[in-house]
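What follows is subunit A paired twice: with subunit B in the first complex and subunit C in the second.
Moving on to the complex of A and B:
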């Protein structure tokens, strides 16, 4: 049986200082075994500005067995599967300790976003790109953040639409947007400067 | 008549003529051998379920004494270092105590404060986040304190995961191994059956993680394990009667090395040479897929099923053909390497067949001779009933055992020779000439042994119980003489293999079990009784141990601990005040395996 009173406390604890950490955990439904965690993309990384949702599933043995976590938001990162969102992180596997909490696990995932470990990859394609062509990696990651992790701003399609309406060809708009990481204004600047 | 033939014809050249003296020696030897006991100083031990704890005592005690540790810490250390006490000593010398302990997950016994004053106020357990009185919490040796419920839950999960041997503290990044007595105690309150499982894992670590101890490979499993001393390349007999090679757990196969034996059994099993021959010499019929061998003539072959096909490409064809071509069919040309390949395969097959036939013949003889045991008993019984001056018939049984022993050696010497002088293993290790010389040397010895083994067999199979006394005396002399000879020859053959053949190789992966005249060593039951000298050790310990009180408290296992002095020598007095004091101190070693 999951220790629900501990989970309850963890949620309270975590959501209390949400303004400081930006990390929150909320139940998906009434049932406390399926939760959704959110972490802000770390500042100074291609994930900055994004909000990442993480699917959390608590096994019966929680907290004596590690929680199952995966990204619900698509993310471009060497240790996270670009397909499934699976996370390669030791504390979610054999290095789990009951003294860790959902919040500490999410903090570790956040730390993983700022410090990828391409030598122990989950997604080989991303890891290869990270090692061989960091620039492309960073812009792709930024583009993905822009496209999938930002709910408040306009969607990519809308930006494309907007720029195309200004008179730029669609193919060029799309590639420019990707290069600048989805930033509409930067793309416009670039398109104008030629 | 037969006996005389044999003695007069083969006597001089093939085995040593015995003069009176040497025969007397032989007689004396045989007398002393008559019990067929394991060789003197039998070092391998049978470890049963009951003696498993006793078997570990010595290792535990050595580590406990050297490092002034309590038993469960010594066990943690031994499990980590795979029960290799020498290794522990080496690491201690090389890296020091701190590193030794740290690597094994042993808490630094001096690095954390052991606050004996148990505070009565409530504190929060970091796992369940409940406020609980400290009486419901337990502090592990590493200093981390959590509530009993959480500890229990953690232990249960780990035991069920099969991690009993290495249950770590719950704190993040703490690699300390938890105190087994605390685990036992807490888990026992909820799941006594799990404690049993836990204890079994700990106990069996001595077998599972120890290269000098292995389960007897008998099927159905006898439940025993065998421990050897010093040399793991040996052959042993378990008390269940199963004889095996300790190193590879297959049947005893010396003088074949384990690697050779593995190759040989595989080869025999898939009859790879036959398969080779079939692939090289036959082609499957395109219609019925039976292998077809071409027995001459042109390249148009017709299968027994009536299908005609081209021998060169294996494709189905019509039946019209001339000597040089088949109507409406053309395919690739004759290839030279195919011919070479077939020659090579043929030669390899003949070579394999030669060795395999010999091996098989001797193995079969061995099986037949095993049946002799009963008939020999019968013969001896008949002889003993006769009123004669011959009273001692131990020479018969001794001769029979000698026959078994040397027959075995002989049969396994063939697979050995197959690999030793073949191209598969040692082609690059010696020159062709070198190999030839060695092969002659070996075969010479093998031949001598073979001749004498056959003779011994012949004499033993004689219906001597029907013979007059003087002929029995003759046979007796022959059997005794031949027993000594075959024994010597076996010894020499093993020596030759060990030193001249395998010993000269650069890559020493081929080790063979040594030859013992008396046969495969019978492992003796490990006695569970405690040795006198270890009691002395305890006394000695008691003498220079400081006077202490027994610190065991409620958390303790309720084993009698004999005295409080067992673990003291290296600890300061305050350390003894901790909760989980004297659970299974040294004196527990005096107890029989009760877990």
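Moving on to the complex of A and C:
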């Protein structure tokens, strides 16, 4: 049974200093086991300027068992699955303790964005790129931040929709937009030249 | 109960079925996290076969366990049986030290009805709370655990109501929703004490784990299931002001050839006037009327595990 009175207190405490930390946690539904956390991308990283949403699921044993957390926002990072958003972080596994909170866990995830650990990867492809070709990694991560983690990323979605309406498959549209750095006209040109 | 009987791996390990399974499975599909999950599932399954706190057993049951084992251990158990009558086993889930301490302490209070001791420890618990607040822990992270311990403490002494029965104490100690909360309470107290006196503990921790004090507390004290060492025992004993005797049952033998069983008493650092005691330490001829109280908590240590011992 989740300790709901504790969860309530955690939400209050976390959202009290939201202006300082930029980190918030809010219920997704009214049952308090499904929550959404928000963390700002750390300054000076490819994630700067992005707002990342984290899906939080509280298991019955919370706070003895760690909260289940994964990125709901797509992110390009060695320790986060680019497919599923799964996070490789010790405190979300065997190093969890009831002394930690949802907020401290989110702060740790934010710290992970600042300091990737490519030697203990969640996403092997990203980790390889990080180690072998940091420049490409950084620009891809930045592009993903632009595309998925910014409110203006709605712009990207509009571009995608527009190109899809022209008859191109969505997957191809997205990958092409990514290759050309989000430029709609260049993407169209590329898509047409096939 | 990590005895030798459980150490041998499954016989299949060496059979051909295993090898073919090994080749058939692509191990690159297994992530570290999967392996970890599986491993902890195996540990949990093993641990779940025994209750958090077992029944009191005569010391002969310990002897039976080593019947075909090391002669040194059998000799030592014989020596033990001169002083000790019984053992109470705790689950080998990494929380055994804290769980043994919990049961042993509450059982002592239940049997002795030592109200002065209860008042004394409550004062220390209040200090521990202040320590954690001072270290920046949010109240809601620890208050439930503190409240539950105080509740258990009050339930074993005569107050407005009669104390709970010994059977009820056992039932509660086996109930995860009580037992784990009290274990976590002790983990908070231990962590707070170590961090408060980080200069004192630092050299021990560095020697043990090559970690900073804060890292050590985060990784080896506060998570459930992390095993306890000298550092934990010293800190808990000091913080609560409760002496603890640990009796060591291992294969080491004395140079003289005679068999003896070593023990170590963890005697809490005097916490009266913490600051003045060091300054006035030498000048006070009688700082403690009973400098070496015999600990009423006696734990049996076998490498990797703690159980409770009962004197004759």
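The rule is short, and it goes like this: the second predicted complex is superposed on the first by the 153 of 194 C-alpha atoms of A that agree within 3 Å, B and C clash if a C-alpha of one lies under 4 Å from a C-alpha of the other, contacts with A are read in each partner's own complex, and residues count from 1 in each chain.
By our rule, a contact is a pair of C-beta atoms (placed from the backbone, for glycine too) under 8 Å apart; a residue touches a chain by one contact, two chains touch by 3 or more.
Worth saying up front: this structure is predicted, and the values here are computed from it rather than measured.
Student: Clash or fit: subunit B and subunit C on subunit A?
Tutor: In the superposition, subunit B runs into subunit C.
Student: Contact-wise, after the overlay, does A:186 reach subunit B, subunit C, both or neither (first, second, both, neither)?
Tutor: Touch partners of A:186: none, neither subunit B nor subunit C.
Student: Taking the superposition on A as described, I'd like to know which of subunit B and subunit C A:64 touches: first, second, both or neither.
Tutor: both
Student: Which holds for A:88: it touches subunit B only (first), subunit C only (second), both, or neither?
Tutor: second
Student: Touch check for A:120: first (subunit B), second (subunit C), both, or neither?
Tutor: In the superposition, A:120 contacts subunit C only.
Student: With both complexes overlaid on chain A, does A:97 touch subunit B (first), subunit C (second), both or neither?
Tutor: So A:97 meets both subunit B and subunit C here.
Student: With both complexes superposed on chain A, which partner does A:107 reach: first (subunit B), second (subunit C), both or neither?
Tutor: neither
Student: Now for A:164: first (subunit B), second (subunit C), both, or neither, which partner does it touch?
Tutor: In the superposed model, A:164 contacts neither subunit B nor subunit C.
Student: Of the listed segments of subunit B (5-13, 23-31, 113-121 or 473-481), which one clashes with subunit C in the superposed model?
Tutor: 113-121
Student: List the residues of subunit A that touch subunit B in one complex and subunit C in the other.
Tutor: Correct list for subunit A: 3, 6, 9-10, 64, 97-100.
Student: Which residues, counting only subunit A, touch subunit C once they are in their complex?
Tutor: My answer: residues 3, 6, 9-10, 13, 64, 88, 93-101, 120.
Student: Which residues of subunit B touch subunit A once you look at their complex with the stated criterion?
Tutor: Where subunit B meets subunit A, its residues are 126-130, 146, 150, 153-154, 156-157, 170-174.
Student: Can you list the subunit A residues touching subunit B in their complex?
Tutor: Within the complex, subunit A contacts subunit B at residues 3, 5-6, 9-10, 61, 63-65, 91, 97-100, 104.
Student: Could you list, by residue number, the parts of subunit C that touch subunit A in their complex?
Tutor: Residues of subunit C touching subunit A: 32-33, 36, 40, 137-138, 140-142, 144-145, 180, 184, 187-188, 191, 218-219, 222-225.
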